[in-house]
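Chain lettering (A, B, C, D and E) follows the sequence in which the chains are written, and residue indices restart at 1 in each chain.
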Amino acid sequence: MTDTLLFYLLVASFLWAAGLHGLIVARHVLRRVIAVNIMTAGVFLALVTLAARAPEPDPVLHALVLTGLVISVSATALALHLGTAAFSTEKPEPTTR
Amino acid sequence: MNFALVSLSIPLFTGLLLLMIPRYGGPWVVLSSTLSLAAAVASLVEVVDSGNQAVLLGGWPELLAIRLHLEPINALLLAFTALIQLLVSLYWSRNCRNDGFWALASLLHATLAALWLSGDLFNWYVTLELLSLVSVSMVALAGKDSIKPALNYLFLSLLASLCYLLGVAIIYGRYGVLDFQILSRMTVGDTSTAMAMLLMTLGLMVKGALWPLHLWLPPAHSRAPTAVSALLSALVVKGPLFILTLLWTRMAPMELTDKGGEFLAVMGVFALLVGGWCSFRTPLLKEMVAYSTVAQLGYVMLALGLMLQWQLRETLVALWLFVLAHGLAKTSMFLAAGEMQRIFGNKRVTALRGASQTAPVAMFAFAVAGGSLIGLPPSGGFLAKWLLLEPLFYDLQRWPLAFAVLLSTLVSAAYVFRIVTLAFDRAERGQAPSRDRVSEWLALLPALLVWGMALVSEPLILWLTRVAQ
Amino acid sequence: MMGGPWLFDIALGVLLVVLAIASIHARNLYAGVVMFISFGLVAALTWTYLGAPDLALAEAAISAGLTGVLLFAALARIGNTGSTPFTPRRLPALLCLAVAGLLMVTLWPLARNPSVLPGMAMANLPRTGVDNPVTGVLLNFRAWDTLLELAVLLVALLGSRGLRPTPEEEPVPWPLLTAWSRLLVPLLTLFGGYLLWRGGNWPGGAFQAGAMLAAGAVLLRLNGLLPEVAWRNPVVRGLTIAGLALFATIAALTAWLGDGWLNYPPGTDNALMMLIEIIATLSIATVLTLLVAGNKTELEP
Amino acid sequence: MSLSWTGILPLAVVLSSLVPGLLIFTLREDQQQLRTFLNLLGAVIKLVLVALMLYGVSQGAVFRFEFPFLPEAGILLHGDALSLQFVSLSSVLWLATTVYAIGYLEGAALKSRFFGYFSLCVSATVGLALAGNLVTFLLFYELLTLATFPLVVHTGTPEALRAGRVYLAYTLGGGALALMGIALLHSIGGTESFTTGGYLAPLMAEHSASLMLAFGLLVAGFGVKAALIPLHGWLPMAMVAPAPVSALLHAVAVVKAGVFGLVRLVYNVYGVDVMDALHLNDPLLWVASATIIYGSLRALTQTNLKKRLAYSTVSQVSYIAFGVGLLGPLAAAGALAHLVHQGLMKVTLFYCAGAFAQTLGVHRVQEMNGLGKRMPATMAAFTVCALGMIGIPPMAGFISKWYLGLGALQVNKEWGLAVLVISALLNAAYFLPLIYRGWFSAPGKEGWPAEKTFQTRLTRLPESHWMLVVPCLFTAMLSLLAGLFAASDLSPLAWGLLIVDREFQP
Amino acid sequence: MNEIMVWISWLAVMAGVFFFVAGAIGLARFPDIHCRLHAVTKADTLGMGFLVLGFGIRAEHWHSAALMLVIWLLVAASSAVSCHLLARYEQLEDEQ
């Protein structure tokens, strides 16, 4: 039973590292947002795997991951809006004011 | 404990109210921060009389519920946050152009209050994330040229939060507990705890802009609106530092504290010197003030590092004094810099030529705040530096650290007086710019407070020594 | 429940990693976004497999669904041109592999010792008046986290709303899509309500239901069927802050009248929680709609 | 914090110049009369208070003002004999310089700012003099730097700014070193108040290394303001400031503060026998002698009058350090007397230099030909004090050099006497040509570079503005009297001997 | 009785898998967008139908079978609409 958990922990570490690598190396906003989300998914996979250690999965960890999920979506939304605003500043923006 | 939570919920409700009625933001926030300050002071008095307090939210058993706990230091930080919020909103209500600021400022205040009170590792993750999002939104208020630094700030703080969250996951995996008070009795120095502490420390260092991971701070703080950069430098940067201090002084197992202490002390020294040097070199005024934040945080890191290595009470007291003195001094410096930048309409430092005639009070505020950053007696900065120096001299092998503090004093003197000397230049007489005398005096107020700390210095230091463990 | 054959695990694991790397390093951004959405769906599958149905629902609805829509909206505005694939340098890749290895070393011993909290959570569940343990934790044991989380959502909206609005043309309605959305949205709303209602006892809850409703609203908005969802309109503003305001007022009232912060009085906790859930769902739905399809051309108030 | 009048008086002395200073800051430029009134009022009140304190001390009253600042190191103002000597010197000269400055800055701009910082600087000097322990001393030492910096850069010209930057670099560096030294002493032995004979004797046993390091730091810290050899660079550059600033600050307040710090350090912190045991006085002696010789040599080559006077200050101030370094009673008396004498004489020389510059535009030594005829009174004062500096009897300078020589012989350091003689010759070498040009050579054909005539409402003034001439004569007369009546019990010498008796009696 | 049911469900599942694989190969191999759309929509929906049939038989309670049926109808409708959308988008692209 524990070796499937080990495998998922390994996958979680890989996801976290891939996200870290993407976030550091990528320059485009969208790629960095995707990388952040991959990293988040990695941490959540680790958390859920830890929750699945007992036959009855640990509800506290599930609640933590749910909270983390909502936080990550709001951070992503803000990052994307900032990204689009940053991009529109490069092109001559037809100022409406 | 109720007073502390009242001090938290007042800005929260004000923020929500301001979202519904966006007009008259300034007066509302001034009123709310005054009430919050009163509540915080009441909680401070209460906690000093009747000792530490804790409340299990929702009445659930100990391990399960989130426990908010109140110690004199937390109550002091609560009052400090409310005070800085009051000072900045007094200044900003006179020349604020963007109504979105007020709601975010109140939410920022509420988040910081939640951070000071919380004692739960995951709850800290949520408050840190909320803090970053509020700060990024406020930096982005300044319009076009502040969006790229805000974006960079957001990505780096997301990276930091994920490092921190992974650390929390490992700690929970290893001990099954999230409350740091209980953890302080359970931690053992094995590899996973070491890795968790490393990850959490790296995350908090990025969020707190401590030296090697501070690159997001100068562009973000210098391009943000004046009041925002003041709030960010004085308060937001201190949140992660508070958590870092609690983690290392209370929760870290004995084996790790020595290594951690050395690491932090060395980073502190580098922060002082490199931050000071960058601050001395940069041509932009607000960027110079931002770099000086990075430098002054070096003192806090140095104090924390020494505290971990020698377990001396004075260094912890020096740490909290640095936090308070730097907060007040930096608020005044940023407000003065912003005021002068508005008057001269130019971001560069050279625009301040002859500022001591055209904007004397703002320049005086800048110089007085700079005096406290350098640590000239009898300012708050001097008190903190004095307490930091004492243990350094207990035995003479520690002279390199004393030499580093000496060097950092000279570097900070260099970058403060570079501006002050420019101000006395009477070369050309520009047209008399429009001066707002009242807001200049408001910018001076925090600086006078930090020098006023001398009047109450001995009782403050004795109380802090008794209280900080 | 967990003993599935190892082939399925390996397939899932490899799929996850490959999709992750592909979505970051894809040649053009459009392919990257599509692969990220499929990554989200596979992750949802993994959560179900690891025994977390609540999370699977949330992952599919929020992280795969709404984040995907957000990415597509951003891609539409930024345009695919900016997707310069960067040269994958060796050093960071090796560095990150080392980090992965290091993480593995530390996570490896953790796989065995289960923690004590789940037992306590189960023991205290009856007193919460809710059967689904995850909702119990979310709304009772760690209610403070949920309150702050609603604040995070609200702040993300405030932040993105404060930016200079980027000009964006009105969506042109298209007959087949409008017809289909007229059919789909009622079903979505029904399903959202159902999720919300069953949240108490089975997997479901405020966030998943909110995401459903938001998806419905976005669909209508894209087809022009829904009038412009504007921040100026006080009802919309009221809705966005309703969730956080209600939760905070309840917290304050429980402290003032009851016997402690967020300590629901014994009789009424079920009703209170249901009230919080409903208002939170509406609030989350409004916030997510504004985030995804908020009208960008309006000026700040 | 005793609230009896003996507690309040020291504080009142410090505040008597601080409060008018802060008020002056708020005045507009054109409120001339009010500003002058406030200035003079402050000066007079301070003189009265100091006189009251002198009377009190002679009747045996103890003046202590205590205020908690740092744990076990509070702010302490303590009026003993040594501090009163320096306080009385400062307050007398502040009155004279205020009158002089009002005359000097007749048409200048930013007078409110100037007089504001001027009063802050004097209150810092007086506070420093009355300081009862090292922490208070450091507090006023740093405030002195902050108060004097705006005066040095007052003219706002690029050279003034460069001089200001150099001044800050030196003084803030010195302040930081002093902070280190005081923190070191505080951490090993705590900060006690200045006691005759020093309070570090018990620490000698196990902390000798730290004591030596602390002494080195503190001498370097105070040496910056006392213009000892490697740290004197800022003094000549700071001459670019207006004349009253150079007069009061660089001849009395700032420079004397540094030397006064050394005196306190040697006599009231370490004490004579600790200094002897750790052989700390020899390096101080060598540095002081080197400064004396070097200062005089550099003064020879200076063509600018104020620069020459500045280098002469560098060497003259080191006489006091030299006397203190000798550790003998007679030398100590000579040093303390020289503290006052040098102040009186040097201030007069700067007044005259300022008067020449303001009235005739004379800055360089070559332009001084025939000054005796054009401005006889000022030139006479200049000559009297120049002879005093050389050490010709019956001037005050001779008295202090005489006692320094005796002191050197008393502790049988004959080479000390040699140093004094060489420096007297060098002084003569750079002062006598000035006197000769002034009296005996005819003025240049093309007349004075920038002649200005002053007239009050009634008559056309013969020489120059009366406010410039009267202070010169007043201080010249004072230095003459200090020399002539050295034996009487009111003279600075008598005062020095009184302090030394208390310090050295077994 | 359930012996035959098990066989039928296995047959249905195998057919479903077959159609999915066919759809995937079609997606990979067909030259232009329209053929690929054709392959994906038709084959996958049919494959899905067979799978639902196969699992419906094996399900213990009719609720889950009904649920799977509804899911299948939804997938069929949404793939039809999206295929139409993609095709129309492609047509707009060609016109420019």
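In this text, a contact is a pair of C-beta atoms (placed from the backbone, for glycine too) under 8 Å apart; a residue touches a chain by one contact, two chains touch by 3 or more.
Not measured: the values here are computed from a predicted model.
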item: Chain C reached from chain A - shortest hop count over touching chains; value: 1
item: Chain pair whose interface holds the most contacting C-beta pairs; value: A-C
item: Chain at the geometric heart of the assembly (C-alpha centres); value: B
item: Identity of the chain that, by mean CA position, is farthest from chain E; value: D
item: Averaged-CA centre spacing for the pair chain D and chain B, given as whole angstrom; value: 43
item: Chain C-chain E separation of Cα centroids, rounded to whole Å; value: 28
item: Whole-Å gap between the CA centroids of chain D and chain E; value: 99
item: Mean-CA-position distance for chain D and chain C (Å); value: 75
item: Where chain A touches two or more other chains at once, by residue number; value: 16, 19-20, 29, 46, 50, 60, 64, 67, 71, 74-75, 78, 82-83, 85, 93
item: Two or more partner chains touched - positions in chain E; value: none
item: Residues of chain D touching at least two other chains; value: none
item: All pairs of touching chains, each written as two labels joined by a dash; value: A-B, A-C, B-C, B-D, C-E
item: Chain B residues within the chain C interface of the complex; value: 2, 5, 9, 12-13, 16, 19-20, 22, 55-61, 63-66, 68, 98-100, 103-104, 107, 110-111, 114, 118, 122-123, 126-127, 129-130, 133-134, 136-137, 140-141, 143-144, 147, 166, 170, 172-177, 190-192, 195-196
item: Residues of chain B touching chain D in the complex; value: 354, 356-357, 371, 374-378, 383, 385-386, 389-394, 396, 402, 406, 409-410, 413-414, 417, 420-422, 424-427, 454, 457-459, 461-462, 465
item: Residues on chain A engaged by chain C in the complex (per definition of touch); value: 1-2, 4-22, 24-31, 33-35, 37-38, 41, 44-46, 48-60, 62-67, 69-78, 80-85, 87-88, 93-94, 96-97
item: Complex contact set, residues of chain C against chain A; value: 1-3, 6, 9-10, 13, 16-17, 20-21, 23-25, 29, 32-33, 36, 39-40, 43, 46-47, 50-52, 54-55, 58-59, 62-63, 66-67, 70-71, 73-75, 77-78, 82-84, 86, 88-89, 92-93, 95-97, 99-101, 103-104, 107-108, 110-115, 117-118, 121-122, 133-134, 136-138, 141-142, 145-146, 149, 152-153, 155-157, 159-160, 163-167, 205, 207, 284, 291-292, 297, 299
item: Chain A-touching residues of chain B, taken from the complex the two chains share; value: 64, 122, 125-126, 129, 133, 136-137, 140, 144-145, 147-148, 150-151, 154-155, 158-159, 162, 165-166, 169, 172-173
